[in-house]
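Consider the two complexes below, in which chain A is the common component and chain B and chain C are the respective partners.
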Partner chain A sequence: MNAELLGVIVMFVATLLLSVPLGRYIAKVYAGDRIWTDVIFNPVEKLFFKLSRINPTKEMTWKQSLTAMLTINMIWLLWAMFCLTNQSWLPWNPDHNPSQTPDQAFNTAVSFVVNCNLQDYSGETGATYFSQVFALMFLQFASAGTGMAAAAAVFNGLKERTTDKLGNFYNYFIKSCIRILLPICILIATIHAFNGTPMTLKGMDTITTMQGDTVHVSTGPVAAFVAIKHLGTNGGGYYGANSAHPLENPNYFTNMVQMIAQILIPFAMVFAMGFYLRRKKLAWVIWTVMTIGFLLLVIPTVISEVNGNPQIAKMGVMQPNGNMEGKEVRFSSYATAFWSIATTVISTGSVNGMHDSFMPISGMNMLLGMMVNSFYGGVGVGFLNFFVYLIIAVFIGGLMVGRTPEFLGKKVEAKEMKIASIVALLHPFLILVFTALACYFASHNTNMGWWFTDASGKHGASGWLNNPSYHGFSEMLYQYTSCSANNGSGFEGLADNNPFWNITAAIVLLFSRFLPIIGPVAIAGILAQKKFIPESGGTLKTDTGTFGLLILAVKVIIAALAFFPALALGPLAEFFGMK
Partner chain B sequence: MKKELLSSLLLTLVCIIFFCVVYTGIVYIIALIGPNKGEGEKIATKNGKYYYANLAQSFSADKYFWSRPSAVGYNAAGSGGSNKGPNNPDYLADVQKRIDSFMAHNPDVKKSDVPSDLITASGSGLDPDISIQGAIVQIPRIAKIRGLSQEAVKELVSKHIDKPLLGFLGPEKVNVLKLNIDLDNLK
Partner chain C sequence: MSVHRRSQGLFDPKLVSEAIGQSFIKLNPRILFRNPVMFTVEIGTVIMLIVSLWTLSGNAHQGSFAYNLSIFLILLFTVLFANFAEALAEARGKAQAATLRKTRKDTPAKKIVLMGEIFLNEVHIVPSSELKKGDVFVCEVDDIIPSDGEIIEGIATIDESAITGESAPVIREAGGDKSSVTGGTKVLSDKIKVKVTTDPGESFLDKMIALVEGASRQKTPNEIALTILLAAFTIVFIIVCITLKPFGDYANTPITIAAFISLFVCLIPTTIGGLLSAIGIAGMDRALRANVIAK
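Up next, the complex of A and B:
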């Protein structure tokens, strides 16, 4: 077996081995059990609660939890907007970068609040050290904590009891940030600092190259940023080139660490659910379904990247390393292809190669990963998205075999189904409607006025495409899919830093973040209030392989029916056009 | 609602202090203990200056090994790739031009021996490495222009091959900058 393939397999296996104990730890944290880390974290936590006047033992209903979540997110949005639009005069701006325009700041602030990290700016020139740390990195912690807290509330709602309380949102949030994210982040940041990732406040450096050119080198507090960027499945890079940048991701070892960091918590949350609810078998069924989906996407992608670009093969050169456009030699096609699917099935959206330059089949699989959005999914929210499909599968399964749909001893009825359906349909609705809109403008080359200006000062909408034909369509489809999945990666050729893309993307982001959190938390809240029915012979078993297959089928059917036409026009057409 | 707002504001403030100041401070101090005081891996030069080992430099002269093409002109203050699709006619024309230019500078090489990493732009525009094959095809040119034997240059290249992580994970590669520094030292 070759070393490049082995590297990828080791990454995956290592993540699984680490995530089971972490899942057990997370379950204990949310259950409030005593753990050995209490010695360090109890005093810190008490300080947090005292300073912010929160009583962590006061339980909240699902409505109160959601109010708390939305209120604090609103404050974060305003804070980030303030930082980004005023960064030019705020401290820590050694490179003298300008403030962001209002539409760009709106897009950036929204996308970091919602854990997406779509970046219409480039880190080197578009953000100051202050913004990177106090706005963006802060939100990377906060948005990850929000997703995890929402998942914890859902876990709580699924316990075998009848109640209208789902625990305290602030308590879950603070525990997630301090006890789970922080210690692992310090470890990851340390590894990076020792492997050549900068962690300095000195500002831009200037060197003279061997051939005598003068080159400016952007540095900054990168190591601290990279850690939470991956652990929180945020994905927003410190540098414009994200994890392809040799200072942000210096070698194969840091690449493995970043890869493991981003899949770790999405894996662990599934196992945490198993430990928390004492349903380990259900956790393994869910994990297996997710993994089958992941493998179905990642294997063809690795093959198509490793085989290289047939158009370049025609020119008579060799492609021993596969399709190398937009990739880095130190990672190779294997690790970059693996990363591209991992980052899209999870909602990280960091890249270590430029997705726009991948082969059509790879592009399609990345899109599919985001369209399904719950083969693992982002921290916390990945489980929530899966939960929505699970409820739908319970309902369909129940009807198929003529049994009352029940999940974990609670009846699933019309109200829950309505919420689940709305959440499941929202995703294709947002993606397709907005892509259709953008396509209309691009194909008619509509004069967009102040909404869009290309590099040469023209306002024609077709100017925002970097590639012609089917690939151009894929660029627009990818952008809204990435937004709606709260992913944040992009076909970066798209000229997206203008009012049209900044604002429409931000709208999609807001809807696609908060409704899919509100929905599952509401379902869990409603289910928690229902009478608990002990399992009997008439119960539809949800922790079996058969039920796992049913969930997979539900996902495939929803995704295929909704998205196949769009995929046929984009990556599939490009693929068949290449032969 | 009012209490919610106050708690949220206070909690935000505490979090900002804790995660932006305390966490960043801890990492900053750890980095100071680390190699290069958190300023990235540097290579000192003879005249008291330094290069960044991980950042590709532009090598256009025939006497040096070339780095991979860069879509951003090796700008270490504005990284990025070409973002061109694999089927884009403009992109394919660019690649063809790079092949032609490479062949013109390396007439002793067969086209089928040229690896694609030398004629495609990297993801960051700053990729410090080339593949082993990417170094090997440049040996005849370098040897000729420097008046060295091909064996001597080949030996230097093989000394600069970075083995996979732990010997079995990931690709082999050659750091162009380190190779060129030692090439200048070769007599």
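Up next, the complex of A and C:
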């Protein structure tokens, strides 16, 4: 048991030790400093810029950056839609998988464009090698690069100078993908390939079991897919079972590598901010706030999973390994519980166990991780979400001590507050309104017509729930929370591959991805245009423990007040029901 | 100025009765609309009134009449209290402004008239409100400076505590960057000749009067930003309460309208929303009391 606990701690410490130098490297990449990797990457980048006729030194205003971001995302969405709806006749389809239906393809394309990877399909049967590589894996790189480029633009806007330019978005994007994501992915993919993860285009393998049955096993370019899936905090598995699948995550070592890969860049982005703006202390404060939030969620989760299910204990069954329902024996309940919170506080959403089978408290902590969505958060976007809370905290803090609110020498005024409020408002709005809609239909068993058909051909809305009562509520809440946090993990147990869930989820995804990117970039753009006020004795210090505590309080209050009623009806009610 | 010692208590009966009347007038939705937080509470109050009447006419699903009525009364009291706080602050401000105005009018000014009736540079005693921009007046020991201006001749020690709160006298002299004087301050020694730099109604004292009255009190940028934040919180809680209805349906737990509205009012930032404008006016009031009137 101690060895298992040690394994979790080693994972965390290793990530921290790796992320500090990586943060320094990322800061150098965005600042355009000379680095030792220039020799390899400069020619590749030049080729890209030459082909696309982009001048990487031409700076953009915040509006131009956002236009660039939205345009390329739109094109990627159309490309992914095309691939998924036509995959049956496109090349690289040795298993003869069918094309996706339009609503499913829409959901899948949107969820990969927005870095969510909700996956209402199963990779073995729902996608071909062509779609997996050229649509889905491509988007895993592109969406991660988009988030990082947006964060880089925000870093640029926070520098100590007055300007209306935030750097070149395409330049940040290409550099994020080629200089940061690609090299690390090659390393991770190689580790996986040597540990038994398939990397082939040959189609299904056939094995004969010891009983003499013949079993077909899906293979494919899995190792490459797994690498970017975690490093880019995408979380969409190659297989339906995601990282619980023995070929996608063969052993405890690969589990550790995947774990480190998904936390690595969210950590590193915070440190990159510190190195880039020369405010290392602020970076450490932010990291500490995030870590406290993370620990507050992860510790109760590990405890409740390790202690096992009280209902099973009542039957007199010993549970020496904790609650093992829906968990893989090779990962243990410690590592799985740790993973479940890491994957939800960060917007990865890959799973190595069945979240539906976790204890209610663990389920609530996963939901809370996604509801706050900025304890680390996804690549780039995690920092952007945190930035919004930071602005609100600076404002409240400034008023409390009677100073004009300032952040990094720029005044925070009504316009920035308006944007920050809208972004902070959006998350509870999307989650609660859509869950309420689904609840309404389910409780009235509304005839959904085309929108929903259950396995027996009925259109009643209550048919999408496989579990009644509080747990069913948690499943619906989890689905929209996962969408709104761009997380992509599922509580499952919900019949979600139908027009209603596919389309409503896609709408939530689009809003919750792009508004929280537009908002912070706009705030950074507006702040950048303001006069820089040098720090004086009257400035509210943002790099102190007190201020860190204030940010944490703001987050907790917003999340607790907005989501407590919903959580009380879901996981909390279930928790008290199980006693 | 020192003769106008404040005698108003916090709950001066005259002010209180005026404020009570105002707190009902302020129930007008068109006035209350400017304060979104209290406006939503008022909407809740109206709904509770309707629900109370509904239960009285025989509906049994929304709890007893007494329960609904008591919630209605509590909400009504909340709105009235917020209005009362604001009205009281306003009334106090108005009363003070009147005192201040009187002060200004009563201060005599020793105006120098270039071509006097008998001599050149004759000194006339006029009320300070008649001083115009460009006029020149003279101030001697113990005189109150009647208007904002610039010293053109002489040097004096001046007690500026009425405006700045600084009790040590300061030296002002003609020429250089320490030549300006403010209306309402007092000359402690020597004699100065001052040229008026503001028109009547625009002096520092006038601005303070306007501030206290609340007439020209513009919202500060921070106040505007705070209102935005409070509005955002209010919207979040509207969403939380409305979505609770389908959640309750799903859990087979009917929730009464009274419970929804009570929860909503508890969640939204009523305290700060209700008292924000009162705080603003009270702040001005205090500043003035500390520096000007009490002296």
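FYI, the second predicted complex is superposed on the first by the 578 of 579 C-alpha atoms of A that agree within 3 Å, B and C clash if a C-alpha of one lies under 4 Å from a C-alpha of the other, contacts with A are read in each partner's own complex, and residues count from 1 in each chain.
As a working rule, a contact is a pair of C-beta atoms (placed from the backbone, for glycine too) under 8 Å apart; a residue touches a chain by one contact, two chains touch by 3 or more.
Quick caveat: nothing in here was measured; it's all calculated off a predicted structure.
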For the three-chain model obtained by superposing on chain A, do chain B and chain C clash or fit? fit
Examine A:L295 and indicate which partner it touches, taking first as chain B and second as chain C; both and neither are also allowed. neither
Under the stated touch criterion, which partner chain does A:I40 make contact with: chain B (first), chain C (second), both, or neither? neither
For the overlay on chain A, what angle lies at chain A between chain B and chain C, C-alpha centres, nearest 10°? 150
Which partner does A:F134 reach: the first (chain B), the second (chain C), both, or neither? first
So, does A:M400 touch the first partner chain B, the second partner chain C, both, or neither? neither
With the two structures laid over each other on chain A, which partner does A:P565 touch: chain B (first), chain C (second), both, or neither? second
So in the superposed three-chain picture, is A:A573 touching just chain B, just chain C, both, or none of them (first/second/both/neither)? second
May I ask you to name which of chain B and chain C touches more residues of chain A? B
Under the stated touch criterion, which partner chain does A:Y440 make contact with: chain B (first), chain C (second), both, or neither? second
What is the contact status of A:C177 with respect to chain B (first) and chain C (second): first, second, both, or neither? first
After the superposition on A, what does A:K418 contact: first (chain B), second (chain C), both or neither? second
Rounded to the nearest Å, state the minimum C-alpha distance from chain B to chain C in the superposed three-chain model. 16
Report, in rising order, the residues of chain A that make contact with chain B in one complex and with chain C in the other. 469
State the interface residues of chain B toward chain A in the complex, per the touch definition above. 1, 4-16, 18-20, 23-24, 26-28, 30-31, 34-41, 49-61, 64, 68, 74-89, 91-92, 95-96, 99, 111-117, 119-131, 133-134, 164-165, 168-173, 177, 180-181, 184
Per the touch rule above, chain A residues touching chain B in the complex are 3-4, 6-7, 10, 47-48, 51-54, 67-68, 71-72, 75-76, 79, 95, 122, 124-125, 133-134, 137-138, 141-142, 170, 174, 177, 182, 185-186, 189-190, 193-194, 196-202, 204-205, 207-211, 213, 215-219, 221, 223-224, 227, 239-241, 244-247, 250-253, 255-256, 308-309, 311-312, 315-332, 335-336, 351-354, 356-360, 466-469, 471, 474, 491-493, 574, 577-578
Chain C partner contacts - residues on chain A that touch it in the complex: 392, 395-396, 398-399, 404-405, 412-414, 417-418, 421-422, 424-425, 428-429, 432-433, 435-437, 439-440, 442-444, 469-470, 473, 558, 561-562, 565-566, 569, 573
Give the list of chain C residues in touch with chain A in this complex. 221-222, 224-226, 228-229, 231-232, 235-237, 239-240, 242-251, 267
